[in-house]
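Think of it as A, B and C in the order they're written, each chain with its own count starting at 1.
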């Protein structure tokens, strides 16, 4: 078991966990799989790229811009599309299909403007790395590993101690009941989209500083994040963190036996196995068909 | 005979059923009453297989049916309606009833496709369905989309569907709730007719006057438990029950 | 003329895909994102049998259908027990795994290189080379698929599917084993997608994994929804509409990778617009929502 593999696992786990959290925040409130999130992720990265590489803005400003645009995009999607559909009685599936259509539009727009080849955000000359017990880790990778637990702790504290957190939990547990006790569920949904998309923006920027960007990078990491969120359970911070570690471990340590090209397959086989055998495990929402 | 033994069901910390044991004998109309949250609908859902109890068993004619899927229990001769009116609103009234006709060979894909004997069975079921609709008073609405009818008429339709299944035991969840007085009488009459035809009817209700009119026995539930079962007069006039309702 | 025939053949192939998917989306109320996977399974089965074992087209087609139908059980047996949106995820997983297999199991499928030299369809020894005959074959298969699905939809079996679409619990309370109905419908749908795959492979004579991706599944879903899910002619109209658009782009001179992106953008946009302003699609009845 090499230190490098362990480090890679931690980095990947952090990425999955962060994106997973950003997705889960939206999912527990909005109650549908908002696939467009993948495009929100990619958009953030490309905004940062445009700001820095094209507009020559400093990296810090570019990052702030990127994260803001991501948050804004989430709000626009909710206000412009999902809210309208929900008011007309759209089902989870309708919203899901709409989000797939929106994803196609956004992702291909990015491809049209920037092309499908890799774009680099980081300053290659500034790439510093430290050697740590035989494994090499770069600056940004260290940031990723350190920021993620901080954000999770912040999320935990917010959910537990603040009024917003309590309201969010109320809506996540039972939106009808929340409505009855006077919570403005629509406003909470908007907030969830804002927060979740902003967090996604942060995650996307960090990921693209680590491994550069392509238009589909957002969906690629989102797919893993969805696996993590389903297995870990949408309402459980701990579950998401554990599942992220599990998935990252399977992918990286699994490289010993299986080729890199099979990583996605293993991840989805893991998900399928989970859906088959233990759909109620790990603190999740019920996945089986509805009952009376 | 339908029998439940020590049924227990908890949801998220709420004890919906706490050791409920009941017996319903073969003929007649049994009413289950109790305040909201007493566990009436949960009990029905467990009996009909839509919920699995955490503990306890259900028996139908001494055969254990506790963990059977709902469609199996339906096939064993128990039909039911739901508190939130369940129907297929996008198809016609007649189609809804024909859906309910039992043991259709044509529902098997290949036979349906190749029309081996389809027409004959469909025609037979159709006749039967029309007759049923006439019995309940919906014949004139047969070709209308179920979703276009009034709430009371839709309730009548679900009743007709129960009849169409030819089930021996008919379970109705709040059959006269939300329905105007004329329709209430009509539905109660239909229930009495079922009883006279030898069927067993079990229903939950809040409307005590309706219960008085048709019930042969009353079961009272409260806080997930059965607290009384007996003839209407005894049960409704017992001081304990009156206290429960006023409490 | 040959160009027009080519478009019509493509429309026929997509019609088979759309109508078979509509059995699930429009008639049963399920949203699987795995249709392109079965399309691919049909293509690869048929192509490999023809090239490696010289199997004639009709048998290859049937084999493609059987294998697609059989493999569909791998996903339907667990996915159909899940709630609607988790069904979408489970089938999405299957789609990703299938693509991965097409792309990485190079010993079997030659991976990204694809399979070349697939023979044109042959019926009892006679090879069908001319575009007229190929069109006739395609239209026949499309017509056949349409007839099958329409017959199912108006049969008692279809009546149960419609009940499941609207209220599965109600259907169960009437004694219907809804799981079995969904499973049967899913298998039929997958088998027909496999047939479309087989036809496609022998028509274009070269296939590679990029034809069987998630966006392709979404494309077929779009055809169904834009055309009008559950309506009689919806899938056909959807197929015609969404096949014509990229061809329209080509006529206006847009080619190359940018055109591919633009095409997907248009599909996505049409899908969203349809859902927002006319959810019952072009041919669907008002008030019906998939």
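FYI, contacts are C-beta pairs under 8 Å (C-beta built on N, C-alpha and C of every residue); 3 or more make two chains touch, one makes a residue touch a chain.
Because the structure is a prediction, the values reported are computed rather than measured.
Of all chains, B has its CA centroid at the greatest distance from the CA centroid of subunit A.
Chain pairs B-C and A-C differ in how many C-beta pairs are in contact, and the one with more is A-C. Central chain by Cα centroid: C, whose mean Cα position is closest to the mean of all protein Cα atoms. Note on chain placement: the centre of subunit A and the centre of subunit B lie 46 Å apart, centres being C-alpha means. Computed centre separation for the pair subunit B/subunit C is 41 angstrom, with centres defined by C-alpha atoms. Here the CA centre of subunit A is 31 Å from the CA centre of subunit C.
For subunit B, residues touching at least two other chains, in rising order: 50, 82. Counting partner chains per residue, subunit A has residues 291-292 touching two or more of them. Within subunit C, contacts with two or more other chains are made by residues 169.
By the touch criterion given at the top, residues 48, 50, 69-72, 74-75, 79-80, 82, 86-91, 95, 98-100, 102, 104, 106-109, 112-113, 118, 122, 161, 165 of subunit B touch subunit C in their complex. Contact residues on subunit C toward subunit B in their complex (touch as defined above): 148, 151-152, 155-160, 162-163, 166-167, 169-178, 184, 188, 287-288. In the complex of the two chains, the subunit A residues touching subunit C come out as 32-33, 81, 84-85, 88-94, 96-98, 100-105, 108-109, 111-112, 116, 223, 226, 230, 259, 261-262, 264-265, 268-269, 271-272, 275-276, 279, 286-292.
Across the complex, subunit C meets subunit A through its residues 31, 75, 78-79, 81-86, 88-90, 93-94, 96-97, 100-101, 103-104, 168-169, 215, 218, 221-222, 225, 257-258, 261-262, 264-265, 267-272, 275-276, 279, 289-290.
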